[in-house]
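Quick one: the structure is below, and I'll ask about it shortly.
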Amino acid sequence: MTALQEVPAQDAAAPAAVRREALHFALRNGKLVTGLAIVLLLLLLGLLGPVLIGGTPNAYGTQPMQPPSGEHWFGTTTFGQDVFTQFVHGLRTTFAVGVLGGGIAAVIGMLVGFVAGYRGGLVDEALNMLTNIVLVIPTLAVLLIINAYLGVRSVGAQALFIGLTSWPWAARAIRAQTFSLRTRDFVDLARLSGASTWRIITREIAPNMSSYLFMTFILLFGGSILIASSLDFIGLGPTEGISLGLMLQNANQWSAMQLGMWWWFIPPGAGITAVVGALYVANVGLDEVFNPKLRET
Amino acid sequence: MSLRVNDLKVYYKTLKGEVKALDGVSFEVGDGEILGLAGESGCGKTTLAKSLIRMDGRMRHTGGTVELDGEELPIGDDRRMNAFRFHRVSLVPQYSMSALNPTRKIGKMVTELLRSRGVTPDAGKLRGRLDAVGLPHEVLDRYPIELSGGMKQRMVMVVSTLLDPSLLIADEITSALDVSTQKAVAGALAGFRDDGLVKSMIFVTHDLSLTYQIADTIMIMYAGRLAEKAPAKEIIEAPRHPYTRLLINSLPEVGVRYAERKLAGIAGSPPSLLNPPKGCRFRDRCPLAFGQCEQEPPVVEVAPNHSVACWKA
Amino acid sequence: MLKLDNVTKVYRVGAFGGKTLTAVGDVSFDVRPGEVVSLIGESGSGKSTIGKMILGLTPVTGGSITLDGAPVRPGKEYYRHVQGVFQDPFSSYNPVFKADRVFQMIRQAYYPEVRETDWAERVHATIRDVRLDPDQVLGRYPHQLSGGQLQRLLIARALLLDLKLLVADEITSMLDASTRIDVLNLLAELKERGLGVLYVTHDLSLGTYLAERTVVLRHGKVVEMGLTDKVFGNPLHPYTRQLLAAVPRLHAPWEDAEPVTDCLYHRGGASGGLSEAEEGHFVACARLDGCPE
């Protein structure tokens, strides 16, 4: 009878228990915690930094080309702009572009990938054609043209362009995964339990590739940041404000490396690397959290 | 004696510790003999088959010796085993379907394979072997995808035995085949021995009734140890080990009906080989178990060629 | 109860569905309450396709499948009465969730009003019904359980519903001999409770052990069907005979099996429809005696 008394607690927990358990393992996973901590730290810096420091990032100062000091933590540029102020503002922009662009691309990619992979047949053919068309569009060239035509370019618009053009490979990868998962018997059993297509996709198939989906998002996130940076770099970035990419562009344009002004280009470069790298480490940890087999070993 | 295995121990390295998949097995296979190796999954039969030809990275040769035609096989030494593989010991793998390179025509693949082993291909011999298993010579000009499962299986068998190895190991080669194809493949296998192309053979399967059809001797393994070994007819008609008896009794035969004779499985499950129990490993599931079973039963020859590891045998 | 009338399944293959492939052609049989019907065939015989069509997992191209006179309408109501268990226990469970989630899914869909404690009690009782110890199987992940345990849990899952028919598709082919028979006995118990079971298998001996009636399929067509005793006691179709002769048996070596010397069936399946050879025994080969080919 002891068993009978134990079970209600176990049963009651249905979906909540799964989440609670995932959290339990998540908190004990060093890679996940470290990765997320770094991202969170940079995110907080990007969010709170500009508020606390105030000031305008592009304002010219009176002390050009200063190395890092107590007054200017990250030194100043050729024009006396404070690199730290630029860094925290740029971080904010960069996060915004990454989250927005990566997010839009991930949502489209997942929708297209899941539906095409699960439904198959004509739906798949049609979606596949759309994917392939977007895939062969010379993305950067189109972005260049669109950006060039728009007078005022906002961060949001940039993220939207990036999101709308960078989803195809994600859709293809997710479609392939869904395709192989769809033939597994547990999908049939879910149908025999009266589950709807949407429910099967979100509750049966997606959890099996959750770390994969997160990975996809990270790569899209990083990709957005990099595309945004390259756009910034060639002068098609946001017309106002600052981003890590714009900082790199400025540093390059004004020969920071040749002049030995390492404090100008290392912070933005390291910032981009840290965000993308930390997310990647978190992803490896996440894989262990979601895969019960990896947990035990 | 063609093959002599003495107290062979092969362990698997895992993160939880060593899995004693094969824990002290001794047996012999005579010239011209087909040994059927049977048992439940995890009994060590596949580990045994693998260790005789190629250990995978997680396997470790922990003890014991293997002698083939009086010469010791360096089974723990992957490099030195190369001289024996294919020439002296050969394997027909479980998934022959994927053993053939899909991008090469079969004839070309066979030639390349032989060259890589330092052998000059002999077209006449190859054709003769194809005839022996009932494959048309045209298969050499086809791609693997054009062959049926049974044909691929037989093709792989031809390739594996082309150099007349002394010992041929067939690992679950029929489990993916249909009943009628299964019979043809098993027949072809026995034909190799009958024609003297291979000296002896180990036929690994989970299907006792299939082993019974082609093996001369059947060896039943349980939890990494030998349970019983006897001539095929004898082990089926008069099994001595309680495990063998229960196993045979759990097999429905054509004509046995639930309504008339209810069969029973074996309750419980095999012990974990990470930390196998002392004494007889079948003890927990055995209806005859008694005090003495806490000591390990030795393998005893109870009748000519009939060995059993059980105190009650 | 369950009735198949001239059921046909045609797949479209090729780049634009230009070619067709008939997986199941004109199959008719029925399953009554309290009996096991075994559907026997080799790979490519269409036996699993028939199982999937009955479960509504793949649409029927022609003919009809009815349950108590009503056509199959895949959905919650139908699945309350008709359930399936499949071949690979490890593929039947979502590897990222605990195995007992299959019970929770049934509860969410069919019994949301049942109280937690009552439900737990019901689950426990059903698990004991399939001869498992609830303590050993609940709260575990699929990879921590054996194939036999997983298959029994799936039978238990089906039993939680108001089940009339269970489609068991090769459910023992991945199990060890020592546990296989217990799962088969479980199916026989279902039949004793008045359920109908369609047991799909390639293994003649397993089929004959359980089934009252047998349907032998070849290339999507029924070659012989009827009472199991009659079909295998007095096999009429050459294909059935050949199958029977090829089955490895324990006490009879192959050499002793009677060789098939009769005419071989026509390629591409049986010709002609089924005719009743004796009472309760139907065979598709109309020209057994003195077949000119």
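Note that the chains are named A, B and C in the order they appear, and that numbering of residues resets to 1 at the start of each chain.
We adopt the following convention: contacts are C-beta pairs under 8 Å (C-beta built on N, C-alpha and C of every residue); 3 or more make two chains touch, one makes a residue touch a chain.
Remember, it's a predicted structure, so these values are computed and weren't measured experimentally.
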item: Busiest interface, counted in C-beta pairs; value: B-C
item: Taking each chain's C-alpha mean as its centre, the one farthest from chain B; value: A
item: Between chain B and chain A, distance of the C-alpha-averaged centres to the nearest whole Å; value: 52
item: Where chain B and chain C are represented by their mean Cα positions, the distance between them in whole Å; value: 31
item: Whole-Å gap between the CA centroids of chain A and chain C; value: 48
item: Chain A, residues touching no fewer than two other chains; value: none
item: Residues of chain A that touch chain C when the two form their complex; value: 3-4, 7-8, 10-12, 14, 18, 184-186, 188-195, 204, 207-208, 210, 290-293
item: Residues of chain B that touch chain C when the two form their complex; value: 40-41, 149, 178-180, 182-183, 186-187, 206-210, 212-213, 236-237, 246-248, 250-258, 262-266, 269
item: Touch list for chain C against partner chain A, complex; value: 52, 55, 57, 74-76, 79, 83-84, 86-88, 91-97, 102, 104-106, 108-110, 116-117, 119-121, 123-124, 134-135, 138-139, 141, 143, 154
item: Parts of chain C lying in touch with chain B, wherever the complex brings them together; value: 42-43, 146, 176-182, 184-185, 188, 202-206, 208-210, 228, 232, 242-244, 246-251, 253-254
